[in-house]
Amino acid sequence: QTTYNIAGLADFTGPFADVMKDMTGCRKGVLDWWSDEVGKAQGVALRVKEYDTRYDVAQVASLWPGIKSELDPVAILGIGGSDAAALQQRLPNDKVPQVLATAGYGFAWKSDSWVFNARATYPHEAAAFYTWLQKKSGSNAPIKVGVISSEVSPAYVDIHKGIEKFAKDNPKILEVVETVYTEAQPTDLTQQVNRLIRKGANVLQVFNNTASVVATRRALQSLGKTNIPIVMSAHNGLISSGKALGGLEQMEGNYEVYGMAMPTEDPTTARAFFEKLRTKYKAQVSYTSACIMGMSQGLIVARAFEQAVKIKGIKDVKGEDVRAALLSTPMSSERSFGVLPNIQYSKDAPFPTEGMAVNIGTVEKGHYKLLEQSVPVPLLSKW
Amino acid sequence: MDPAGVFATSFAQDQALVRTRSQAVTLGLFVLFMFALPWIADARSVAVMTSMLITAVVVTGLQINTGLAGQINLGQAAFMGAGAYATALLATKGSMPLWIALPIGGVCAAAFGLVFGLAAVRIKGFYLALTTIAAQILFHFMVLNLPAAWMGGSNGITVEPARLFGWVLDTDAGVYYLCLVVACIMIAGAYGVARSRHGRIFAAVRDDDVASGMMGINVVRTKALAFLLGAFYAGIGGGLWAYYVRFVSIDQFTLIHSIWFIAMVIVGGMGSVTGALIGVFVIRFAQEFFTSVGPSLVENFSFLSGDLVFAALNIFLGGIIAGFLIFEPRGLMHRWNILKRSYRMWPYPY
Amino acid sequence: MTAITSVNPDGVVLSARNLLLQFGGIVALNDVSIEVRKDELLAIIGPNGAGKSSLMNCLSGFYRPKKGDITLGGLSVRNMAVHEVASQGLARTFQGTHIFSGMTVVENLMVGRHMHMRSNLAQSFLYFGAARREEVVHREVVEEIIEFLEIEAIRHTPVGSLGYGLRKRVDLGRALAQDPLILLMDEPMAGMNAEEKEDLARFILDVREAKRIPVVLVEHDMGVVMDLADRIAVLDFGRKIAEGTPKEIQANPAVMKAYLGEGGQ
Amino acid sequence: MSDFLNYLVNGALSGLLYALIAMGFVVIYRASKVFNFAQGELVVFGGYMVWWTVIQMGMPVWIGLPVAFASAAIFGLMIERIFFARLVGESVFSMVMVTIGLLILIRGIVLVLFGPQVRAFPIIFPLEPVILGDMVISRSLLYGGSLTIVIGLGLSWFFNRTRVGLTMTAVAEDHQVAMSMGISVQRSIAFAWMLGAVLSTLGAMVHLSGRSINMMSSDIGLAALPVALLAGLESLAGLLLAGLLVGVIQGLASAYLDPLVGGALGSVFPFIIMLLMLLIRPTGMFGWKTIERV
Amino acid sequence: MLELNNVEVLYSDVILAVKGISAKVPAGQCVTLLGANGAGKSTTLKAISNLIKTEDGRVTAGAITFDGVDIAGGNPAAQVQRGLVHVMEGRKVLRHMTVEQNLVVGGHMGNGRDAKELLDEVYGRIKRLAALRNRTAGYLSGGEQQLLVIGRALMARPKLVMIDEPSLGLAPLMVEEVYGLLSELKASGLTLLIVEQNTRVALELADYGYVMESGRVVLEGPSVSLKSNEDVREFYLGLTVDGERKSFRDMKHYRRRKRWLG
C-alpha cells in the first residue's frame, strides 16, 4: 500500500481554536475511512499530518516550505483566510492544491486558482437565504437586513462588503438598512439592535462570530423583539451559539445558512457517514457544523485523489494531478454522502459557481431542524 | 574589555567592530555559511531563516528606536505593514522594479513613523509605548476604510514576484538571497549608525534628554529621527515580506506581532544590534521548534489530541519568554558580556 | 570653531538683565541681572532654594524667563531652544549627575563634540568614508581632553559604574568637548572631599588659563568660591542681594545673615 | 432626541465598564509601578473562574462568585510569587516586559484549562433591561456602572488617604526608596496583582454577564486602554471621568458617524482622543506630572 | 549596637566594592565613615540595610550584627523593623507626594493609633516641616528635602539611623541646621552612623570615625585623634601641616596622581 501525505493546517491556539477539534478530527476520519474502504483496494492510503498555524500568515509562510519538503504532500487541507493569503501566490509553483474548510472570500476570488473552497462565498450563501426568505414571505417588498459585523478581521469586512454589493445590484430583493460595527466581544448591542429595528430591519445578519450572535440575541431579548430572526453561518451557527447562550431553545426561530449538510438529528446519509467515522474510525468528534466542514474538505480531497489514481495509477500521483482531477471531475452529492451538494470546479473561481445550493436550518420548539434543502444560490458579481 | 594583549593603536582601530583575527575568521565563516545555506540545509531551515532575516531587519529597526533611543514602540508591526503595503502597491499598480519599490516602501513607512516620532517629543515612557498602540489601530482602520482602490481594503494586495535585472525571484532560494543581501546591508548600516554620531545622540537622548539638549542636541529632531529610522527598517522588512508572501493583508501586521518584536529585543538585550539579532534567532527558533514538535507529538502519541498539545506548547513559549526575563532581565547580550569578562579575567574571579 | 567668536567691546560674553521667573506662586528669580566678562570666573552663591540653579537654567535656555533678556556674545538667546543656546557656545555641567550613564567615557565626550560634527544619516549608515574620518578627527580632540582631565585609564568604562567624583569629571570633560564660549558649572564640588575638590579646582583654573574660557560657578563651599572667584553674586529668595569681589562679599553683613552664618568660614 | 439620550446614557455606562477594566491597569500600576500588558488576559481568566464555579461546578451565584474572586486573588498571588518575587530590585522595565511574557503564558494556560470553545457565561445581573420612558438601559451595565463609581471612589480614597494606600503609592514612586523605608515592595506587588485580578474578575462579570466567554474576550483590555491613559496612570477617580468621556464619545460616534463613513470609527475614536489629549497633557488628565529639576 | 566584621561586597558578580571592612557603632554614639569618592561608603551602608540587593550586589563574606543578631542578607524591611533605618544619598523624597504624606509613609510600620502623635513629634523636632506639610516634596529646596528625609526616617521610631551624605549640596547655614538637628537627635539617645564628605562638620559631631579608601578601612579612631591626624588634615580637611587652610589657587599640578584612579 503506497501512502500519500496530506498537509493539515490547523488553528489550535488562535481565533478558531474553538472549532478545531471537530474539524481536524473529521477530516482525519474521512481520510482514514477512504484509505480503509476505497484506497486499500487500489493499494493506496492517505495520511494527514496537522500543523498549528495560529491562523497567522507569518507562521504558515515559514512553515509551508518545510512541510512541503518533509511530507511532499499531494494536497493541503487549510482552514481559511490566513492559509489562502500565505499560500495562494506560491502554490502554482509548488504545484500543490489546497482545499479550505470555509466558504470563499472575495480576495481569493481569482481565476486559475490552486486554492479551493468547498462552498461559495459567504455573501453567496447569504444572498440565497434572502432570496428564499423573500419568496417565503410572499411579498414583493425587499427584505430589510440589519448587518452586524466587525472590523476585527478583514474577512468579516469582506463578507458585509459582498452582501452590500448584492443589495445594491438587487434592490428588489434586499436592502441593507445599516451595517453596525462591534468589537470581537461586544459589550452590549441593545442600542444598535434597537436602531436597526427602528430602521425597519426584519432580519439581522451576524456572520462574524458566536460572541456577536449571543450579544445580538440578548439585545433582542431585552428589547422583547425575539420575533426578529438572526441569520448565521456555519462557523457561528445555531448549535454553537445556542450552547453559548445556555441552551438551544434560546435560539428558537433563528436561521443558519450554508452549502453543506446540516447537523440535524435526522437519519440522513451524511449523519450515517459521520456515525461511521465516529464508531468505526474512532474519530473523537461530535456532529457539528465544524465537523461537517472538516468532512467536506476531506471528501473533496479524497475523491479528487481517487480520481487522480484512476488516471495516473497508484505510483507518482502529484499535487497537480489532484488539482487536475478537481477541475475535471464533478463530485456528485452521493459521492459525498450528501455532505455537499453536487460540486463542479472551474478555472473561473476557487469555488463551485454553477448549480450551487444551500441548506437552511432553524430551531423549532427547542430542536434543531433542517428547514429547507437545496435552495439555489443567486448570481452575485464580484465586489 | 578586550582580550589581553589586544591594544588599539589608532582611533579608527579603536572603533572597529572586528578586533581580532579570530573574530574576522568567525565572521567570514558565518557569512559564507549564510550564503551556502540553500545548498546545505533543508527547505524548512531556509524558509525559517528567510523569515528570521526579515524579522531581523524589522527588529533591528526596533532596536534602534527602543534600545538605542529608548522609546518603547508597540507599533512596529504597523510600520512594517505600511512598508509592505507601499512596496506591494508600487510593485503591482506602479510596476516598479524591486530596487525602487523596496526603498520607497521603507520611506513610506518612515513617514508614517514620523507622525508618532513627533508625538514622542511630548509623550514619554509608558504613555508613549501605549500611544504607539494607536499606530496599530489607526493603520488597521485606514487600510480597511480607505477606498479599496487605494490600499486594497479587506481584499489585501497580491504581489508579483520580485524582479531584479531579469531574474525572477520566485523560488525559495531566490527570496532567501534577496532577504539575505538586504538584511546584510541593513544590519551593517545599523552597526554604522550605532557607532557614529547619530547612534551616539540616540543613546544620549535615551539616557538623559535634558542634558542632551544642553549638549547642543536637538532632542525633538533626534527622537523623531529615531522613530523615522526605526520605521524605515520596519518598512524595508515589510517590503521584503511583501515579496516573500506575495500577498499583503491587514491581519499580517497586528499588535501581537509588535509584541513579539518587543519580546525579541528584550530577550536579546536592549541597546545592541547584536542583541537584536540574537533575540530574533532565539525567539523565532523557539517558535519554530514548538510548531514542529507539536505535529510529531500528536502523530506519535495518539492519546494526545491536537488542541491540548498545541495549547500546552503555548504555555512553554510564554514560559520561555517569562523565564528569560526572570533569569536574565537585561537580555542575553548582557549575560554574554559577563561571561566574556569573567573568562578573560580567569583565573581571578574579580 | 564656535559660531560666535566676537564679544562686546567691554568684554561682556554673557549678560542677563532683569530676569523674572515664576513657578506658580513661587518667584524663583526676581529682577536678577548678571554679567560675565572675558577671562572671568563669576561665582554665584546663596542659600538653598535661592534660585541659583534656576538662573543657570534660564541662561542655558532650559527655563524661559517671564521677563528680561539674555545675550550671549552680543546675541539675544532668550527665545532660543536649549540646543540652539548650546550651539551658540554655552556649555554647562549639572547639579547632581546628568551624565549618559549607558555610555562609556569616550562616548560621553564624543556627544559633547556632536555639534561640531557634520556627517548626515546616510553617511552614518554607510560608516566607512566620511563618517569614519570625522569620528577619527573628533576622537583626537576628545583624547586631548581625556589627557587633560587625566582619565585615560577609564576611557572605555561605562559611566554608570563610575564613582561620583569621576562622573563629575566626565561631566566637565563633556562640557569642554563642546569647545564653549562660556562654561556654567552648577555645584561641581558637592559630594567631594577636600582632596578631590583641590583637584577639580585645579582643572577649573586650568580651563580658564589654558583655554581662556570664562566660567560661571555655583558652589556652596566657601573656601573654593573665595579662592577661585574673581567676582561673586549672591542670591537670596530669587533676588540678587550683593555682588562684588570675594573680599567685599565676605564683609557684607546681609550675605553673612542670609548665607554664611555667624562664623562665615 | 430620545435616541440621543439613549446613546448618551448607554455610552456613559459602557464607558464606566471600560473604567472598571482600566482600574485593573491602574491599581497594579499604582501599587507597583508595573504596567500590565496582560490585563485583558487577566479579565478572561477571572471570567473563566466565574464560569467554572457557577456553570461547571453548578454552585449558586452567591457561593460561586466569592469562590471565583478568591481564586482570582490566588492566581494574582501566584503570578507575584512565580515571577515578580524574583525580580524585586530589577528595573521596572524588566517587570513590565515580564507582563508581555505573561500575556502569552496566560493564553496558553486558559486554553489548556478551559479549552477554546465559546462558553455560556452565567447570568449575574438580570437580563431584563431597565426601561425609563424611551430609554432602555442594560441592567448589567447599570449595576456595573454604579459599582464602578463606588469602587473607583473607594480605591481613590484608599490610595490617597489611608496609610496603607500611601505606602503602596510610595512603591509606585520608586522601588528602592520604598524599600529603604522598610516597605515590602514584594508585598505591595502581590497585593497589586491580587487586587488587579479581583477587579478583572469583577470587570469580566459586568462585561460578560449573560453573554459568552472565550479567549477573544480579552480584547476588552485593549479597548479600556485609552481610558487608562486619558485619566493618567496614577489616577483612580480620574478613571471614572475618562471612562464617561470615552464611553459617551464612542457611543455617539458609533451611532452617528459609523453609518456615515461606513466603518468602525467608533472604536478608533477613543484612541484618537487619547492621542490628542496626551499631546496636550503628556501624563493624562490626572496623572502625575513629571518633576524635572536640573 | 551595630558591628561589621570583615564584610565584603560584590556587585554584578565582578566588582568587589568593599574588601573586608570591620567597624563598630556603639549604642548612643555617633560614628562617621569618611573617604574619597568611590571608596565604598555608600556600598557599606547599603550592605547593612540590604539595599544592595536592588543593585545586583551581595555580601560575599563577613558578618553584620545588630544588637547581637546577624542581619546580613534578607529583606530590607526586616532591618527597618529592627530599628535600623537608612537615609539614602541624594535626598530621595517621594517627589509626587506631599511632605505630610512622605512622613506618613515613613511611619507605616507603626500601629497607626499613635501616628498623629508621632507626626506632631517630628513636626516639633523639625519646625520647618510643619509649615511645608501640604507642599509637594519634589518642589522643595534642597535643604528642606534633606530635613524631610531625616524626618521621614524618624517616623519609623529607629534605634539607629544611617545617613548618607546629609550635607551634600547644602548651603553653609543649612548644613548647620541639619547638623544641629542631628546633634539634638544624638542627645536624645539616637545612635547615628553618618557617611560624610564634609569632614569638618562630621568630625565635630561624631565620637568615632573610620576612613575608607578603595574598599578598605585605612584609618580609624576617636574623632579627636582623627582631627589631628596629618593625612586627614591634609586630604580631608584641606589644611596645611601647620593648620592653615590652603588656598585652592595654590594647587600644584603634580600632586598625588596615584590616588585618582585608585
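Here the chain labels run A, B, C, D and E in written order, and each chain numbers its own residues starting at 1.
Here, a contact is a pair of C-beta atoms (placed from the backbone, for glycine too) under 8 Å apart; a residue touches a chain by one contact, two chains touch by 3 or more.
Heads up on the chains, UniProt names are B, D = Branched-chain amino acid ABC transporter permease; C, E = ABC transporter ATP-binding protein.
In this text, all values refer to a predicted model and were calculated from it rather than measured experimentally.
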Given subunit B and subunit D, the chains that contact each of them: A, C, E
Of C-D and D-E, pair with higher C-beta contact tally: D-E
Chain whose mean Cα position lies farthest from subunit E: A
Chain whose average C-alpha position is farthest from subunit D's own: C
Gap in Å, rounded to a whole number, between the CA centres of subunit D and subunit A: 36
Subunit B and subunit C, separation of their C-alpha mean positions in angstrom: 40
Separation of mean Cα positions, subunit C and subunit A [Å, integer]: 73
Touching two or more other chains - residue numbers and ranges from subunit E: 15, 139
Where subunit C touches two or more other chains at once, by residue number: 62, 94-95, 98
Where subunit A touches two or more other chains at once, by residue number: 12-13, 17, 20, 151
All chain pairs that touch each other: A-B, A-D, B-C, B-D, B-E, C-D, C-E, D-E
In the complex, subunit B residues that touch subunit D: 119, 122-124, 126-127, 129-131, 133-134, 137-138, 141, 144-145, 210-211, 255, 259, 262-263, 266, 307-308, 311-319, 321-326, 329-330
Touching residues (chain side subunit B, partner subunit C) in the complex: 1, 10-12, 14-15, 188-189, 191-193, 195-201, 203-204, 206-208, 210-219, 225, 229, 271
Of all residues in subunit D, those that touch subunit E in their complex: 88-89, 163-164, 166-167, 169-170, 173-177, 179-184, 186, 234, 288, 291, 293
Partner subunit B, residues of subunit A touching it in the complex: 10, 12-13, 17, 20-21, 24, 49-53, 57-59, 61-70, 81-82, 85-86, 88-90, 93, 106-107, 110, 151, 153-155, 157-158, 161, 284
Of subunit E, residues touching subunit D in the complex: 49, 51, 53-56, 75-77, 79-81, 85-88, 92, 94-97, 101, 104-109, 112, 115, 136, 138-139, 152-153, 156
